[in-house]
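Labels for the chains are A, B, C and D, by order of writing; each one numbers its residues from 1.
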């Protein structure tokens, strides 16, 4: 097998920052070597002088090519995983979606068919359970056998993905029996739908109404509820895409009393804000659910704080890109028709790098923890993914911490016509990316292949109390 | 320099459990090598098949040869550090004690003189500030230059170590200016002394009264107070030897609002309990401050929970051994004359190993975090100490996870005539210990030297928000 | 008009305990007179020497002759209001029940028809909204015009009274616009129904399963949710028949942040307990929703505490009696068929009197507040009802505080074949009762009339912040 | 005895608003009469048409003629009680002050000597315990026999009134044994003194520094601490002159867990604010302790909220007036020399009347509760004081709710050269005041006498759980 030595750099993992060389053999890291260690013979040397060497990043929440109302999210597994790679992400976990009335196992197979052979990087799946019934409960056992150890339900979107509390509890009971983790989209969909109908009825149809009808208190309410259901059933619960300070507080309180409750937020909830929806229909570019929040209410500060103090464990993206022209514009006359979602997969790791390097929001180690190690542990992929250690997959992102770059739709690699972070200048630049020992980004070119990425059968949550 | 290869074992750090070999050159780890990596030439091979390889453990709270009333704690730096080594601990942080009316710099120099040349393992110091005045404040700057970055004050022991809130605040202001961390013994000494006097006055003089006059609520009160003083001054605060659930809650709440508040507990507060004091004068064996608590009130459960969920970061010992005969017995007629303290330094790491291996209270990784990595980070020694990584000190404890041992005063190595854990059977056994590359425990013999241990100049707290 | 003087007694209101005479003219109290005041000429003197004179008590929660599954609650307005009078209660507020698919206004008219001309004491109505739709929302305005200023919804009983969160919010929005108060039966009916189905499916069909499938946490969850909906809509919310400590905490927290949240508990949740359901089918006598709770979990203590510190404002009964033979027995093979409800209306005031006189749980004044003054203020009847003051209705209960009585189905006046307080000995005895100046209980006889009670048009909540 | 009838008005008590006439005979209210009640023969009729009739108000916290540093508070019992009467206050509770090294009983006797024969209205005493020692503890028993049932200690003012936690606990233990209530001035005096010294040392000597060196968090800290000491000892604790939201929260939390903790605030903390100190030396007019707070931090809102929801029970004044010229000016070069205190006794009731009538902050009944009924109950004077009921003292304030007045030093009756509420226009005007049946304010004249006021021997706290 071919040997590569990444030489002269500084390895940054969740726990250490260490000057050492990384020896890759085939798909694996086989040694970490200090300057005084005997030098191995290798086929290729990558000069990492003045560079930081990170474990390939893990995005635990993406939605490639999924339908939302009349639109389909623009990134396919092919375009989306390549964009991810450009940003140093070497693992994604996407979602087969069982729709109401459809087969759960079918949704898994369909999504697998889309992703297999089309992904530049490795991928796993969380299964969305959109219709809790006898057949879908039976299918859960089959999907579990395929290495899917996390299942997502919604208290939002009545009539679409919404589950009643009984349905949530039923799936949690099942998960509790086998150690799976339940992901929850926590917003009170019932009350939100009332507010949406009333907004439309009174002609309040601009994008801003999308946020105004999804108050933070209703996100907090749903989080409180699903955490209690998790406590009742014994299932670990992971609340996705948290935007509201109330949810941070609910998770902190649950963890303080010993509950396996976990939380994820996304860069958009940290760096973007409510006011961005309030600019006529341009605001549609910022429509996602839960919505962006008002910093004056302290949400962003609470999220950053939660990432620092451990109330939140994971930074993911909820990547779900829609073109402004032709897709977001479906809701020009009615905000309820705007497809929900933002393009983020490419910039999550660079944004967090910037947060650590330029904004000193947390250490580089904590940055690696929330963006790579913790999602890998949470979803049973560690230490294969999420760190750089002997025996792990050689998923590596080499970064020049002194370089800068500017985010722009002109230059990004996601298949979407705008960027919600347009113009933002970032400190730190991902230069070189390996996926399982294969160089996939180098010298400003994508050098990987469409069929390199493999499906990841995952183990159970390693972050349980 | 001499090379040693620890071969065939499994390295367990705070973040990973990895099958790999560890290459030591001189005092340092220079490589971590997988089975497929090129084999280095070495001088010595340690066979670690079926063994776990841990970073040498870090005990951040010991008291060797200190006075307490009429007694002096029995372990000298020589006996105490050797006992520590037997239990896999390769770093201790001890305390120079400035007494009222004495010189702070003098206390530092005296303690250094005692430890230097007498320690089997590396050691650092927290400085106790027992008399806040102009001279001692001036001395703080000098001690800081010696690499002491943490300072301890007491809200307990009026007339002895006690500082007023103004004095605590004054030292915190100083610490805030240079990044040092303030350690607090948090009990309301004023109210406690009233209860003690009243107990003695009514003839309630048995050891149990020691605990009865130090209620958990008064530990919680003091913790609340010093955390507010820390918030007012901006200094990081680390509460030592936490025994009460109230303190766990105070720290969790402070951290949730972004305060740099930290907490340490000790094995005695986890495994021992109030009732042990209630057996006539035998109870004196369990006299320490704060006292052991009643499990029916939930203290022990809250401490375990805190170690798991991150409210507490460190497990240390407050090791302060007194013989039962001749020392504890000084208080036979009056519990206030019993010297406070327990012998624990040898068994902290083995007990935590047992908690992870046999009781599944947390993962082995979390065990390493609370007993080695976090104290090293908290007190500016990481990654030199607290982990196994390229470039770190070769402080290593090799453990047979299948072996068992029984704690007994008959066999322990601490210089004290009883064990407070007498008869407890532990899963896991420390077999081999390295300190800075030198073998110090091997084949059931201490093979280190009295003068091996070096003084550690420490950096600042690496766990700040 | 006829004049009566109640002479020589001690008047006890929510605010005072005062030795004075009460002068009644017609239906009203027209003077309170001290011993030195000029003596009026009167038609009748009631000697109240050594007696306590209370305002007639107000039971804000009764269910006369309502269907529950296959059974109808045994007390008619005729029997139920006479039983109430025996126990010193001179006002009840009952509930017209709109069932799914039925007319709201129709339910109001039907219940009015049952109560009018059949009640021994005055009565008002809270309207149950069992089917939120355009017609029922329109009917609400009509019912409001009839002096109904409080409306009840359920998060329990899916398919029967259950409202979705959107429906609850919609009615709250309406109430917020006119100042009405929303009553909530707060239990998570969706999750409870799952547990019930699962219990039945596994053959767990005894009465105890009724309680086991309605955990306290699910009562707390629903309370949390409806309080947030109340905050979102601006409606005052009053949570009925609280049994769980979690709900007490939710209300206290809401009130601390300025929310108009109120709470009611009932004697059964204070004096009875979970274990009573665990005695085979006899347990059916104690089946009500929410269920009786386990004192070991602190529920009863929290309820008493809440009544003392103001977190809870009202003690009512949720009186809903079913015979054990023939009614409760409908569920002999399946607890889900046991009609829910207990017979309490006669003993609420005597039990609270006992709690104050014999158990010193609170002062007599606080007792009057929670059982008469506060419900009267909460539901817009004060000071017409709930106190003894010049100008108020002469609703009066004269009590011998030195007498005792024993509760028994043999002697009670409710139309039901058992008592859930059987054998309990109470200190204090209601001897004489006036309703609007008319003597209705005297010398151990009911001397009122079936048609004396009048419908009470009510004002708005007088306890709002 | 002479009879007076107050005719045609509306009586407002803590519990009722009732149209009725009030019959006074001698010093007592002997009857409340409705329009239809038989008319009594009387000596004098006061026409109260369109007027509100309130119980004379109770100010539970005044400091007449006391030393503060080099100054003595300007109002004597003579001038201060007359000013109180003008504002509808008919009872004050003042404070004998035991200074360090002085006799406690002596301080009681001295203060009694000053007040007796000099007070226009009735008065009671709380005893300040400024030096906890054997003699003063012995004296407490003597003072208790004089009808003093409440004792005040300070965590502020080290070296002056300050008690250590042990001393506070010791007096609380004594109080717990006899049912007395402990009043606490809760600020962390130790930390405050450090900040004061540092402010002076750096030349920060203007009045604003007075507030800047007494942060709200240190008031909250002390409240937390004394509540825990109260819980430990079993004594009821009443925190005086609360200015900080943290204290409101501490009391609410304590009450929620069943602790007899009570809170008082004062008009200055509701209507005045931090910025008023920031106007050069004019700011000295607003120097009091604790200091005025910043509304942007939510303190005032929390205090109003606490008065509404019951976390706070009492509105008093901490009346302690110093002339600006000659007294406040003592601190012109050094804020620490400014005597602390504000002139408020005359305007407390008028301000609360305004808060209810014009600002709708609470009902008139709740206003009477916090300003008359609750202080009377808290300090064992109810129903003799604090309400209008048969048998109570005829202390009555008749108010024209339609009239307005403007506060000004030009027109007020306190013996001080400025008003901290200068220019404030109030709705509602106190027209007529009775003290124990004697007319003392009428037709814009003080018609009482210097020797009318009597010392009140008080009972125990009637508001205990």
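The criterion applied here is as follows: contacts are C-beta pairs under 8 Å (C-beta built on N, C-alpha and C of every residue); 3 or more make two chains touch, one makes a residue touch a chain.
None of the values given here were measured: they were computed from a predicted structure.
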**OP:** Report the chain whose mean Cα position is at the greatest distance from that of chain D.
**Re:** A
Original post:
How many angstrom between the C-alpha centroids of chain C and chain A?
Top reply: 51
**OP:** List the centre-to-centre spacing of chain B and chain C in whole Å, with centres computed as mean CA coordinates.
**Re:** 59
Original post:
Any idea how many Å lie between the Cα centroids of chain C and chain D?
Top reply: 39
Original post:
Can you list the chain B residues in contact with two or more other chains?
Top reply: none
**OP:** Could you classify the connectivity of these chains, where an edge means two chains touch, as line, ring, star, complete or other?
**Re:** ring
Subject >> Each pair of chains that touches, named by its two labels >> reply: A-B, A-C, B-D, C-D
**OP:** Would you pull the chain C residues touching chain D in the complex into a rising list?
**Re:** 1, 13-20, 23, 25, 28-38, 40-41, 249, 252, 255-258, 305, 308-311, 362-363, 373, 383, 387, 389-392, 462, 465
Original post:
Which of the residues in chain D come into contact with chain B in the complex?
Top reply: 164-166, 169-170, 188, 190-191, 193-194, 215, 217-218, 220-221, 224-225, 228-229, 231-232
